[in-house]
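Multiple structures are listed underneath, in structure tokens.
The following pair of complexes shares a single chain, subunit A, combined with subunit B in the former and subunit C in the latter.
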Partner chain A sequence: MVEASSVEIRKVNKYYGDFHALKDIDLSIPPGKVTCLIGPSGSGKSSLLRCINFLEEYDSGEVLIDGKLIGYETPGGRRMSRRKLRQMRSTIGMVFQQFNLWPHMTAQENVAEGLRRVRGLRKAEAMERAAQALDRVGLSDRMANHPARLSGGQQQRVAIARAVAMDPRLMLFDEPTSALDPELVGEVLNVMKALAAGGMTMVVVTHEMGFAAHVADQVAFLDAGELVGVDAPARILREPEDPRIQSFLRTYHERNVI
Partner chain B sequence: MFSLSTFLDAFWPLTLAARYTLLVSGLGIALGLVIGAFVCVLALSKSRAARTVAALWVSYLRGVPMLVQLLVVFFLLPVIGINVPAIVAAVVTTAIVASAYISEIWRGAILALPRGQTEAAIAIGMRPRDTWTRIILPQAVALSIPQLINELILLVKASSLVSVVGVMEITRASQAQAGVTFRPLEAYLAAACLYLVINLCLAALGRWLEHRMAV
Partner chain C sequence: MDVSIFAEYGPRLLSGFGLTILCWLLGTVLGAALGLLIAVAQRYGGRSVRWVLQTYIEVIRGTPFLVQLFLLYYGGPMIGLRLDPLPAGLLGLTIYGSPYFAEIFRSAFRAVPLGLIEAGRAIGMPELAIVRRILLPVGLVSALPALVNFSIILTKETVILSIITVPELMYQTQYMATMTFTYLEGYLALALFFWGFVEVISRLGRRLERRITRHLIERS
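Take a look at the complex of A and B:
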């Protein structure tokens, strides 16, 4: 396992036109730990996650990966060169809500693509490494399938293998189970738990409070672009002090009562 | 009375003429694909000037009847000192008209791809060049096959227009045949059959390609 990254988010602001999507966000993400971002939809948690690999540009503040600013040469300064940005991104894995697998490639080719084009491995070696990565997510018998022939849970596991095969030091998950049928959520969460147990730094935007409660080391709650609270899951999920967190959790529990 | 033998006799001269139909539409679409790709790049460019050029190109070529454009090209080239056979004017016109439609077909196919396809490539650290050649274009080309075949079939039929500048393709040959035999119905019916056969073959080719490139 390569070394795990830390992330420092300092006074980050993000606007969409007039809409203030992220307001002065400060958040420390320690290496080798799992941080869950929770909150109502539209609260900015996905935007914040996407600022970490600069898929979303933040307008002010700093996002530091292992102390190195991403996206800009200096805080508030010139944009960083595309080459440097690509280099930083190649050590940050990302998993999307809609999987975003490439439909014209098999599962194995999906995983091998980044190894070939970004890491410059030869085809045979990339395919071999892809096979190992798929084996780790329990899909060694599905390597030759195209995404359309896989279930949602299998597709998301391929997407995780695609990110993990690059040996990232940090993994970002953007609602990885939200597009899945309920019975397929477990297999994806299990893969994520195994990854967490291996000491990967993970930032997970999720509505799975069970995952947040049992796997996260810290949980950050966002509402209307503000970071309302960050704490250990036991504290923030069981005895929240802020009324906004209380109300969010109440809605969540009511919805999940059978 | 319909004369079966006159009808059947018409096929040989028309089949010879079909070479020009295929030449004009085949070369037209081939050049149209190349020019269309270039226009599509301009249309998707970040530069406003490039997008304007593409928009003008597409709206002129789509907005003016092909017959009129053919006559413009045919009579314009000698004026600017380019003396070329009618067949060249025919191919040039077909190619630039096709390029306008093809650039729009490709632009549509590229924009139809979900944003997440590119994001996944960017997030992994892929170069723009690899993102285009490995992720975007293979999918866009596969998506555009049915429309490209459609365009090719339209071009084969539109190539009948080049008969007016004297290219001896199927339509022109059938007119000549009708004049010689005084049997227009047989001649034109034979032409109709030939066009139909060509286009049924193209449709079959399209289905085969679609099946092969299915993702």
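Take a look at the complex of A and C:
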């Protein structure tokens, strides 16, 4: 088992022009634990997640991976070199809402690509490792398929295998099941649960309150760019104190009543 | 019509045919290569690089091919650029086509979903590998119809090279027509040749398109 990373987010601010998307966010993500980010759409939870691997550039504050600042040389200082950023990113896996598999490559080639171009493995070895990673997500019989020939759930599992094959110490999930048909959500959540059980640090932006309630170690609620609360799922989801969380959960439950 | 004239001028026409194909092929390949370089440099270059290239595109697109060719062939020697007709013609075709190719590639790159690029960045792929392994192959698929289309336009621009005495098919047909007064038969045959040539290219293009989009067809 590779060691799991911790993430420390301190006073992070992010602007899109005049729009203040993230306001002084402070959040500790302990190693080997699952942290879910929830909140209404537009609350900044995806932006915050994307700041962790610097796909989104935060404007001030610090994001520390295992104590090491990502994106900048020093807090508020110069941008870090591309090489260093690549090095840090190569230990952080990311799974996107739209899967983002490369359409011209087979499932196996998708997973092998990073091993070849980033880890420098030879093709045969990369393909072998890719096959193992796909086997772990239950897709050993779909390795030769291009993404267009896979269901959404299968595509997302390939995307998870692509990230996991790099032996990350931290996994970021950006609404991994939001683009899936309801009957395909379960297979993806099961793979994520297995990862969590293996001791991976996971940060998950999600609308799946069931996943947050049962798998998360802590749940952070964002609203309008502010971190409203962080707590154990049982507390924040069942007996929320903040009226904004109460109202969000009420809407959620109303929508999901059959 | 006297068929023996075609027999007599056969060797000339054949060499002209070869040269027309060569000019088209090299003009397309070199023009597309230059256009690709421009498009990549525009995407990754700084503000000044982008400005210089955009100006180049505007100027070349905004001037007639024949004027460019005359500038190169007749104007060139005055600044020490002395080129034979064929190299001048090939260089001219390359330059003339490059901005159109650059624009085709630029819009094709823009059509590549950002998520595919971000997926590469997120695992730490070097930017060059992202261009080579993701941006180019994905972009080329959507660029292909426009590339084929412009290469078809270029087939017909090759006849302009006859004006600076490149002995391609137009030049040879003109020679034959003048010598034998076969203006109707000669130019009609030339027109038919180009039609057939374009037809071949467009069929090959469609076949190629089907091949490289095979993997994008969703299962039913």
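Couple of notes before you dig in:
The rule is simple: the second predicted complex is superposed on the first by the 258 of 258 C-alpha atoms of A that agree within 3 Å, B and C clash if a C-alpha of one lies under 4 Å from a C-alpha of the other, contacts with A are read in each partner's own complex, and residues count from 1 in each chain.
The working rule: a residue touches a chain if its C-beta (ideal position, glycine included) is under 8 Å from a C-beta of that chain, and two chains touch if they have at least 3 such contacts.
Note that the coordinates shown come from a computational prediction; the quantities given were computed from them, not determined experimentally.
Superimposing the complexes on subunit A yields a three-chain arrangement in which subunit B and subunit C clash.
When both complexes are overlaid on chain A, the residue A:P240 reaches neither subunit B nor subunit C.
Using the contact criterion defined above for the overlaid structures, shared-chain residue A:G61 touches neither subunit B nor subunit C, since it reaches no partner.
Once chain A of one complex is fitted onto chain A of the other, the partner contacts of A:N53 extend to both subunit B and subunit C. Residue contacts after overlaying the shared chain place A:R162 against subunit B and subunit C alike.
Of the two partner chains, neither subunit B nor subunit C is touched by A:G44. Contacts of A:N100 after superposition on the shared chain: both subunit B and subunit C are touched.
In the superposition on chain A, contact of A:R149 is made with subunit C only, not with subunit B. Of the residues of subunit A, those at positions 53, 55, 82, 86-87, 89-90, 92-94, 96, 98, 100-104, 113-114, 117-118, 146, 148, 159, 162-163, 166 touch subunit B in one of the two structures and subunit C in the other. If you check the complex, the residues on subunit B that touch subunit A are 114, 116-117, 119-120, 122-128, 130, 134-135, 138-139, 142, 215.
Subunit A makes touch with subunit C in their complex at residues 53, 55, 82, 86-90, 92-94, 96, 98, 100-104, 113-114, 117-118, 146, 148-149, 159, 162-163, 166. Subunit C contributes residues 113, 115-116, 118-119, 121-127, 129, 133-134, 137-138, 141, 215-219 to its touches with subunit A in the complex. By the touch criterion given at the top, residues 53, 55, 82, 86-87, 89-90, 92-94, 96, 98, 100-104, 113-114, 117-118, 146, 148, 159, 162-163, 166 of subunit A touch subunit B in their complex.
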